[in-house]
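Please read the structure below before turning to the comments.
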Amino acid sequence: MPINAGDTAWVLVATGLVFLMLPGVAFLEAGFLRAKNVVSTMMQVFTAAFLVSIIYIIIGFTLSFGPDQGGILGGLSFLGLRDVDGNAWAGTTIPGLLYFAFQLMFAAVTVALVTGAIAERMRYLSFFIFVAVFVFIYAFPAHWVWGGGWLARLGVVDFAGSIVVHITAGVASIVAALMLGRRIGFGQPGLEGHNLSLGALGGFLLWFGWFGFNGGSALAANGVAATALVNTNMAAASGAFAAIMMTWSRFGKPSLVMGINGSLAGMAAVTGGAGYVSPISALVIGVVAGLLMVLGMRLVKGKLGVDDALDVSCIHGIPGIWGALAVGLFADGRLGNVTGLFAGGGLRQLAVQGVGSLVVLALVGGLSFAVLFALKRAGVLRPNTADELVGLDIADHREKAYA
Amino acid sequence: MKKIEAIIRPDKLARVKAALEEIGYPGITITDVKGHGKQRGILQQWRGQAYRIDFLNKVKIEVVVLDEDEDKTVTAIVRNARSGEIGDGKVFVYPVENAVRVRTGEAGVNAI
Amino acid sequence: MPINAGDTAWVLVATGLVFLMLPGVAFLEAGFLRAKNVVSTMMQVFTAAFLVSIIYIIIGFTLSFGPDQGGILGGLSFLGLRDVDGNAWAGTTIPGLLYFAFQLMFAAVTVALVTGAIAERMRYLSFFIFVAVFVFIYAFPAHWVWGGGWLARLGVVDFAGSIVVHITAGVASIVAALMLGRRIGFGQPGLEGHNLSLGALGGFLLWFGWFGFNGGSALAANGVAATALVNTNMAAASGAFAAIMMTWSRFGKPSLVMGINGSLAGMAAVTGGAGYVSPISALVIGVVAGLLMVLGMRLVKGKLGVDDALDVSCIHGIPGIWGALAVGLFADGRLGNVTGLFAGGGLRQLAVQGVGSLVVLALVGGLSFAVLFALKRAGVLRPNTADELVGLDIADHREKAYA
Amino acid sequence: MPINAGDTAWVLVATGLVFLMLPGVAFLEAGFLRAKNVVSTMMQVFTAAFLVSIIYIIIGFTLSFGPDQGGILGGLSFLGLRDVDGNAWAGTTIPGLLYFAFQLMFAAVTVALVTGAIAERMRYLSFFIFVAVFVFIYAFPAHWVWGGGWLARLGVVDFAGSIVVHITAGVASIVAALMLGRRIGFGQPGLEGHNLSLGALGGFLLWFGWFGFNGGSALAANGVAATALVNTNMAAASGAFAAIMMTWSRFGKPSLVMGINGSLAGMAAVTGGAGYVSPISALVIGVVAGLLMVLGMRLVKGKLGVDDALDVSCIHGIPGIWGALAVGLFADGRLGNVTGLFAGGGLRQLAVQGVGSLVVLALVGGLSFAVLFALKRAGVLRPNTADELVGLDIADHREKAYA
Amino acid sequence: MKKIEAIIRPDKLARVKAALEEIGYPGITITDVKGHGKQRGILQQWRGQAYRIDFLNKVKIEVVVLDEDEDKTVTAIVRNARSGEIGDGKVFVYPVENAVRVRTGEAGVNAI
Amino acid sequence: MKKIEAIIRPDKLARVKAALEEIGYPGITITDVKGHGKQRGILQQWRGQAYRIDFLNKVKIEVVVLDEDEDKTVTAIVRNARSGEIGDGKVFVYPVENAVRVRTGEAGVNAI
């Protein structure tokens, strides 16, 4: 297909919007953490930006989107971006380089999300290595679902990444939280966020950027993109609504922080079906995601006592699973003949989505465990007590966020 | 000379300051402090958990006065800082041995 | 008309840009208020985002843009977004769902603006109800001017909402400020903003977002959109210039805060004529708006003693009226045969614009009064003194903005 | 050529993105300066926004892009934007008004960058005058390179402004830093930035906005735009990488602040060749830029003791020169037959690029010196000691950034 | 009455506070201060230059106690604030002439 | 032992600190405070209204010294904190009954 300027314009912007989710994550997290770990957290996200860029252009992209090798990974045709240029990417109306850039941002965002779980107690050196390795881990789900791998052939669909991005980030997060152990002071007052304005900025940037994340995944400026954008907004709204109502009824006071988290959970859930479901279905998907998130937090932090610092597993992981399944429920055939249970498509899609979710969960969980285990063994995973108490900003970067 | 040190609620500061000015002590020093006492902390929520903040914001006022003004100063503060609820704070009186005005070098009671 | 990818790309982005005006409003306000009401204010704007989304998709959109019912409101054809999909919206080259999304953001921004007037002293519960009702109130001006209602038939034009958005928000603001009464400490030092960096962030986001607000209102990526964007920038610049010169000459020191406010006033004024006037006219419209704003603030806060906390009536309301009239003066026939006085079009357009402004002013003022009066009667409008003193962040949300 | 909606959509957005670099600069700088000069710095950038807008529409644009007058400046055909309208700009598929708006933002960003050098010690009045004059100074390089002036005829190419923007800003910065002298306390602890979250926000906004700056310079939504966007991202990534590795090896601790600066240096360098080189070349250009920046800072601040407060000369100026030359090395003929040394194009392009850089350096350096010298003579350049100690926020604006 | 004023490491605050509560002094006042002493400052970097911050964050605890409780209060603080490293801080004891509870107006030992 | 407490202009802190170090008192504690006195507040503007801020930023320095060093300490502070303009601040001297070094438990003059 020839290049279409309108489609290209939209995906150019969408690429920028997905990039903007990186500061979104950085500020959401920095604001919701203590002042002594702000530089550390922003540096982690910044590292996701620059390090993923470098590794992804060299090897990550081709592993995901190179010619399929037995359903498992892409071949090395695009190593160092060979043969990827300004001409149209196969099956699309946008330049190959743009397709690359859009996918690159997804890889960067995925690993950036994990920083929320490991916050305030992971050495920078370890995180640096973790990011580098994660580009390879991420290549599997990306190829399997989006690169023509075996899950795609099985019929798994994932519009913009409930599985590939949010389950991946969520499971890596819970594994990392477990491997790292709890922060000093976990469960006691004193771990509250230092700057909710900054956190809210992150939340709004994420909502805004998600329009590009989901809308851009249409790879064209058309009705599908519009549907995805509207669905994103609706799930964010209803996710926020659900979370706010939960805190309002439980504590008598509605919480902004939980509202923001609820909007993220709603969007993480609708990401999988953004182009496949109707806006009203998106409202339902969002509400459920918001509720699941709140319940998940009570379970993970409350019952299990796992210190997933900013609840990435509950804000992205659980809603990611729900969103993957929701395609099997709500897809109404508007796109690519994907039809879920409620539109009379039977249980097949639902089953397939479940398989896809489980497989990615197991794979990413296992590989994340392996790399973190190695880092732990090497003794570089976690700072010593004095460093953790003084904060990673000084301990690992010798920079203070606030004078 | 005595130093009168009062730990009061932040929203009473303006009134207390005005009262001190009225009795002839415009020169005061203010510090933001946190207090813990009988007053219960403020209930808050964070990411779905309720918790209570132990330390409450208070304001410390320091004013050095002449010996003979101790009583009226303390009275002025107490009267204007009072809400009647737990958490109104305390006033402490300390002896001062000397005072010097930096600008002029004047010492003793002339420095106040 | 078929869907055009270029036009769709632009309106997709413009929708995002208008969304971004919500954090723009949130940070402008939060930064210019006291630290103890930051969560409260951000929560109000966040509520404008999620609650308007939910109500607007169900009923708000169809009341505004459903088939005209006697010039008064739209019919219920699009209830729950029935029949609004990825196909082209009538008379445009963009998908119906995208047209909906763009309009939704306008509704959300309008009510978000009101938060600046009522800041620091309105219970969250009341605000929540107010937002819900406001979606219905907003349907009237939107339908009358943009939905083919009676004002449109009369010939009132309003390119991107000097009337529909800014007069509406401005009059609701002054009414709300009057109903709530003044904040404790009004008129004394101590009410200054706690973080001008945050406020400036809001101001810049609004300027940026306004490019989408006005430029996107062309509903196409063409010369009209470019004109609107340039005009927006010029009126912002000249509004800022005017306000800064006023403070410079009055206090001997130019004020950043007033400069930012001046840019907003300029844009609120040029919004009505963004596609109808030349860039040089936009410069003039902006200067006048900046001056009117400064004078308005002296009147409203100074003389009348009304505590419109962040001067929404003067930054949006008064410039909104001026902007509506300015179309009748400066429109040069470049778009849709709308010609103002200075281009030889006579007084008719001016008169019609005046009528439109007055009617919306009266209607929105009256309806706002009604709902606020009810809330006041119910005793839920304003917090008690202790809560107001401790700040609404703790009192209404049990969250502190800064640790 | 007729207007193309897709190209127009992209350049509309890109214009907004370049605008967003203004708050990018404002927050980068404000965050990396002391709290007492935050209003001052933001006001300077805000002034770049509104004052350049006003002067550029009247005279600046036509001086740059009016019909060439002997290779030196543009003629006055577009005075007050006469004859610039919604129709296609010659040689492009976007409206003339949009071309104007895009160029306007470049002018504003260029002067905004200088604020980083002069921070904390230049009277607002002087800065105001400096900005006004700078619009005229900027017209020369803009016309010479982009407006069909003599450098363009010589064969100098500068895709998005390594010369026109970054060398210009860099040399003006070093001259201004020299004319102003050092801040009180230069070289001692106590000058550290007050808020790295704010600074990081600025850094991320600049990275994001730069996608529009470089990508938009294609003036179309096509493969060139995609190439420019990818190259921008890659040079940012590798510039950050280089700077972080330098601090890591030197201090044992990687620095976020230097990482952000490195990303900016990388982008400043790749700006000149964004459409002419491959993404892998962009990686190399970025790494070198990051290293040059670090070494430059040791020279300028360390050895020479020049107080370029936020190192604009090293972050923009030096990488700008390197980027101009890099076109002569790496251009691979993919665009407009520009071929550098490494692609077998010989030394000619490199030589021409060197001439262009030198000429602009000398011209802008000289003119900047002249205006700053006059302001110094007039005694309005620098505040007195008491004002500098209390901070320019209070001294020049009577506004405090933080309550 | 005596005022016990302790300048300690911020991360010891929680333990010291608990210890004071245990010996019957829940009423305390906390101030964020910066200290300079034998402890070396923290090495930092700024824009490629290394430098050392002279002043370190400390917390000042003030508690006014009955004369007879002076020793046990000091002991409780010292024991719980100690890390053994340079920078642990100091405890100072000052005479207090009077104390007044703002809420009730009670003075002297009843006010503590 | 005496506590010397000085309320000075923030921009004099570095000089005063250096002077104290020179006379053998590197151990000092610093608090950010706000002061009100004869000095007029700073004129500011907010949304088109001018107003005056009543409280000005000051820095409080506390240093506990041996009895015999009281005079030279006060002199060192006064000399280095002076600008000659209104608002230079005050120095107060208080009696100290005891001092304890947390790290070692040393008490009295050895603790300073």
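The first chain written gets the first letter, and so on, giving A, B, C, D, E and F; residue counts start at 1 in each chain.
We adopt the following convention: a residue touches a chain if its C-beta (ideal position, glycine included) is under 8 Å from a C-beta of that chain, and two chains touch if they have at least 3 such contacts.
Keep in mind it's a predicted model, so treat the numbers as computed, not measured.
Shared contact partners of subunit A and subunit D comprise C, E. Between subunit A and subunit F, the least number of touch steps comes to 2.
Interface comparison, C-F against D-F: more C-beta pairs in contact at C-F. In the contact between subunit E and subunit F, the residue numbers used by both copies make up under half of all numbers at that interface. When the contact pairs of A-E are matched by residue number across D-F, D-E or C-F, over half of them reappear in D-F.
One inter-chain figure worth recording: subunit C and subunit D are separated by 33 Å, centre to centre, where each centre is the mean of the chain's CA atoms. Centre-to-centre, using mean CA coordinates, subunit B is 52 Å away from subunit D. Separating the centre of subunit B from that of subunit E, both taken as means of CA atoms, is a distance of 18 Å. Counting partners per residue, subunit E has 31, 44-46, 50, 54, 94-95 as the residues that reach two or more other chains.
Contact of a single residue of subunit A with at least two other chains is seen at positions 4-7, 9-10, 13, 192-193, 195, 201, 221, 251, 253, 255, 257, 397-400. Under the stated contact rule, the graph of chain-to-chain touches falls outside the line, ring, star and complete shapes. Under the touch rule stated earlier, the contacting chain pairs are A-B, A-C, A-D, A-E, B-C, B-E, B-F, C-D, C-F, D-E, D-F, E-F.
Residue ranges of subunit F in contact with subunit C, taken from their complex: 44-54. The touching residues of subunit D, when paired with subunit F in their complex, are 190, 389-390, 394, 397-400. Considering their complex, residues 32, 189, 191-193, 246-247, 250-251, 253, 255, 257-258, 261, 294, 297-298, 301-302, 311 of subunit D touch subunit E.
Per the touch definition, subunit C reaches subunit A in the complex via residues 3-10, 12-13, 15-16, 19-20, 22-23, 26-27, 30-31, 38-39, 42-43, 46, 49-51, 53-54, 57, 80-81, 85-87, 94-98, 100-101, 104, 124, 195, 198, 201, 221, 396-403. Considering their complex, residues 2, 6-8, 31-38, 54-55, 58, 60, 70, 74, 77-78, 81-95 of subunit B touch subunit E.
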